[in-house]
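Look at the two complexes coming up: subunit A is in both, with subunit B in one and subunit C in the other.
Entry: the complex of A and B
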C-alpha cells in the first residue's frame, strides 16, 4: 500500500468529523449505541492524555538537546542543567516517592519556588496598579471605583471601614460582573461551536498542521 | 530648568520603592496580627448549607486542579471543606489533574488528621482508607477524562494511587458514575470548574462547588447564578469564611491579615497615583 495515501488529510478530517459528530450527538441524545461509542472515544482520549504527557517531555527534550548540541549562547547550560535535574529526580522517584531526595526536593525546592513565583506576581500587580490605574475618563473612573470597592470587599478591612462594603462587593460580583462574564463565556462557546462546524465540514485543517496556501 | 514638583516625583516613584514598601508592610501583620472580623459571603454559605444536608451515605469528590503555587489561596478552603465533609461523615474520593497533586493531598491530610492511610492506626472518628476515603492520584485527559469519569468512573480509575485495584476498594465499589456522587468540590487555577459543570452538573445534575483562586470566582459566578453550582469560595477569603462557619480557624484566617495589608496598600497607592495624575495633568513634565 502506498503510505502517502494513509497520510492524506482527508482521512484525518473524516475520522475527526465522525468522532466529533458522534460525541456531540451523544451529549444531547441518549441512544445506547451512540453512548457506547462516545464512552469508548472518551476512554481513548484519557489514554491519549497520558501519552500527551510523555509527548510533552519528549518534545521538550528535543528542544533542549538541540540547544546543547548547538551550544546556543546563554541557553545550552540551562538545557544541560534541566537534563541533569530530570535524570536525578526520575531516578530518585523510581527509588522512592515518599522518602529521600525525591520528597526532599519537592518539599524544600519545588514548593517554596512555586509559592515564591506566585507571590512575586503580587509585587508586579502592585507596581502596575500604581502606574496604570488612572481615572483618565468616565469609563476608567467607573472601573477604578468598582475595582476599589471589590478590593475593599475582598479583604475584611472593608467591612470595618463601612459595614455595607461586603454587600456592595457581593452585588458587584454577583450582578455586575455576571453579565460581562456570561457574554465572554457565550462568545467563547459560540466560537468553539463554529470551530467544531468548520472541523466537521473539513474547512478547518490547521489542527492537522495544514496551513492553507502554505506548506503543511 | 525648574526642579520637579513633589507630585511629579511621586508619580514617577521607582518600582523598587513600591516593592520594599509592600514587603515591609506585609511583615507587620506577622508581628502584630490584626484579627479583623470576617463576614460570610452568599456563595460560601450555600456550599456550607448544602454539605450540612449530606451524611455518611453520601460520597463527595474533591478534584485538585490547583498546583502547589496556589496553596496560599486554595489550601485553606480545601482543608476547611474537607474538615466539614469529615465532620458530616461524608465519604470522600480525592483525585487531581495537576502533576503535583500528591503534594496537595499530603498537605490536606496533614491538616485533617482524621484521614488515615491504610497502614495507619484508625481510631474513633477517623476515616479508614478505602472505606471512608480514597486517593486516586494523578489523572490525565482534560475534559474528555472528566466526561468519562462522569459516565463510567471505573473505565478511567482502574486502581488507587498505591496500585490497589478498584474492585478491591469498598468505597469505589459504591460509585459507578456521576449520579452516585453527591458533591464535586473542584479546586482550580484554570478551566476544570467549567469541565465539571458541563460534564457533571448539566448531564447528571451533580452538585458542583468551586474552591479556587479568587480570580476563578469571577468566571464561576455565572454558573452559580444559573443554578448550576451549589457554591464557590473566593480564594483565601472564602477559606477564612469557611473556617469561621465550621468553627475551626486556621491558615485562611491568618492569611486574611496579609490580604488586608496588601489590598489597603494597593488602594492607597492607586489613590495617591491618581492625585499625582490630577495635580500634574496638563503641566509640562507632568505624569500621566
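Entry: the complex of A and C
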C-alpha cells in the first residue's frame, strides 16, 4: 500500500471518532458488546501507550546520538552520560527492581534530589506572593487581607494573636475558595467536553499534525 | 411506540448517568445551533482570549530582542492519562507558537517530560514550519526531553540562565513547576503566558504570568486560533451551556429551599 495513503489525516480522524464515540456510548449504556469493545480499546490504549513511549525514547535518543556523533561542544558528553545511565539502569532493573542498584539509585539519589528541588518551591511561592499581594487597588487589598488571614489561620501564631483567626480562615476557605474553585472546575469540565466533541467530529486537527491552510 | 423506545433506553441506561447524558445531548444541540448560525453567515459572538492574542506579541517581542521563546506543557502526564487532553490542547497551541516563531525567525525552545508526546510534538512543529515555508528551520533538537518533573524544572532553570528567553509560555497540565518556572522567568524579565486546567496551580500562574488561560480557555484556545465555523460554534455553545446550567443551579437552589427536590433528583438519575 502507498504509505502516503496510510498517513492521510482522515484515517486518524476516523479511528479517533469511532473509538471516542463507542467509549462515550459505553459510558452511558450497558450493552455487553459495546462494553467488551471499550474494554478492548482500553487494553489497546495501554499497549499503544507503551509503543508511543518507546517511540518517544527513540526520538530523544536520535537527538542525543547526533550530539555525540557531531561532538556538539558542551553537550555531547552529557548525551553520552545519558546513554551510559540508561544502559546501567535498564540492566539493573532487569536484574531486580526491589534490590540492588536500581532500588538504591531511586531511594538515595533520585528521591532526595527531587525532594530538594521541591523544597525550594517555598521560596518561589514567597517571592510570587510578595509581588501578588500588593495593595494597588480595592480588589488586591481585599486579596491581601484575605491572604494574611488565611496564612495566619494556617499557623499556630494566628490563634495566639486572636482566637477567631482559625475560624475566619476556615470560613474564607469554605465560602470563598471552594465555590470559586468549583466554578472553575465546572467550566473546565465543559471546556473538556466541547474539546472532546471537536476531536470526535474531526474539527480539532492540529495535534494530528494537520494545519489549516497548508501542511499535511 | 415512543413509550416502548423510552423503556428500552431506560433499561440499558447505566444508573446515575442519565442526567449527564441529557446535559451532553443539550451541549450537542447548542453546538449544532451555533454551528448553523456560523454557517449561515451570522456567527455567534466569540469572546476574546487575551492570552492567545498576547502570544503574537510575545513572539514579536522575542524577535525584536533577538532572543528565543521558551515553551513547556508542564509535567502534564502521559497522553493516555486523565491529563492527556491538556497535553493535546497544549500541543495544538504549540503548533500556533511554532508557526509564529517560524514566521518571525525566532528560536523556539521546548522543555517537556512526556516521552509518548515527543513524536506528536515533533510532527506538529515540523508542519508548522512547513506551513510558513521554512521547513529547513525546524530542528528536532528544539524539543528537549527531560525524563521527570524535577529534572525538567532544573533544566528549565538552567535554560533561563544560559539562554535568557524573551518570552516564556507554560501551557498544559501544570503542577508545582508552575511557580518555580514562573518566578525564574520573572527573574530574567521574560514576558509570560500561562495556562492550565489544574485548579490547584491557577493561583501560581495568576501570580507569576502576564497573561493567563484559565481552565476551559486552555481547551478553547486552539478553536479560537483557527476561527473555523465549527470551532467558533464550540466556544459559543460552551458559553451558552454555562449560562443555562447556572440558571438550573439557581433554580435547584430555590426549589430545594422550598422543599421541591426536582433538580437534585434529576442529577441523581
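The working rule: the second predicted complex is superposed on the first by the 196 of 216 C-alpha atoms of A that agree within 3 Å, B and C clash if a C-alpha of one lies under 4 Å from a C-alpha of the other, contacts with A are read in each partner's own complex, and residues count from 1 in each chain.
The working rule: a contact is a pair of C-beta atoms (placed from the backbone, for glycine too) under 8 Å apart; a residue touches a chain by one contact, two chains touch by 3 or more.
Computed from a prediction, not measured in an experiment: that's the story for all the values here.
Visitor: With both complexes overlaid on chain A, does A:45 touch subunit B (first), subunit C (second), both or neither?
Guide: both
Visitor: Regarding the shared-chain residue A:134, is it in contact with subunit B (first), subunit C (second), both, or neither?
Guide: After superposition on chain A, A:134 lies in contact with subunit B alone.
Visitor: Just subunit B (first), just subunit C (second), both, or neither: which does A:96 touch?
Guide: After superposing on A, A:96 lies clear of both subunit B and subunit C.
Visitor: Could you say whether A:185 touches subunit B, subunit C, both of them, or neither, answering first, second, both or neither?
Guide: It touches subunit B and subunit C both.
Visitor: Considering only touches as defined above, state whether A:117 meets subunit B (first), subunit C (second), both or neither.
Guide: After superposition on chain A, A:117 lies in contact with both partners, subunit B and subunit C.
Visitor: Examine A:164 and indicate which partner it touches, taking first as subunit B and second as subunit C; both and neither are also allowed.
Guide: In the superposition, A:164 contacts neither subunit B nor subunit C.
Visitor: Pick one for A:53: touches subunit B only (first), subunit C only (second), both, or neither.
Guide: both
Visitor: Return first, second, both or neither, reflecting whether A:36 touches subunit B, subunit C, both chains, or no partner chain.
Guide: So A:36 meets neither subunit B nor subunit C here.
Visitor: Once chain A of both complexes is superposed, is A:144 in touch with subunit B (first), subunit C (second), both, or neither?
Guide: Touch status of A:144: first partner only.
Visitor: Output the subunit A positions appearing in both contact lists, the one against subunit B and the one against subunit C.
Guide: Comparing the two interfaces on subunit A, one with subunit B and one with subunit C, the shared residues are 27, 45-46, 48-49, 52-53, 110, 114, 117-118, 125, 127, 129, 131, 181, 185.
Visitor: Could you please specify the touching residues of subunit C with respect to subunit A in the complex?
Guide: Answer in residue numbers: 12-14, 17, 20-21, 24, 27-28, 31, 78-80, 85, 88-89, 91-92, 95-96, 99, 114-120, 122-124, 126-128, 130-131, 140-141, 143, 145, 148-150, 153-154, 176, 179-180, 182-184, 186, 197, 199, 202, 204, 206-208, 214-220, 222-223, 226, 228, 230-231, 234-235, 237-238, 241-242, 245.
Visitor: In the complex, go through subunit B and note every residue touching subunit A.
Guide: 13, 15, 18-19, 22-23, 34, 36-39, 41-42, 67-72, 100, 102-103, 139-142, 144-145, 147-148, 151-152, 155-156, 203, 214, 217-219, 221-222, 224-225, 234-235, 237, 240, 256, 259-260, 262-267, 269-274, 277-278, 288
Visitor: Once bound in the complex, which stretches of subunit A touch subunit B?
Guide: Going by the criterion above, the answer is residues 27, 35, 38-39, 41-43, 45-50, 52-53, 97, 106, 110-111, 114-115, 117-119, 122-123, 125-127, 129-131, 133-136, 144, 147-148, 151-152, 154-157, 159-160, 166, 170, 173-174, 177-178, 181-182, 185.
Visitor: Could you please specify the touching residues of subunit A with respect to subunit C in the complex?
Guide: Against subunit C, subunit A makes touches at 24, 27-31, 45-46, 48-49, 52-53, 55-57, 59-60, 62-63, 66, 110, 113-114, 117-118, 120-121, 124-125, 127-129, 131-132, 181, 184-199, 201, 203-204, 206-207, 209-216.
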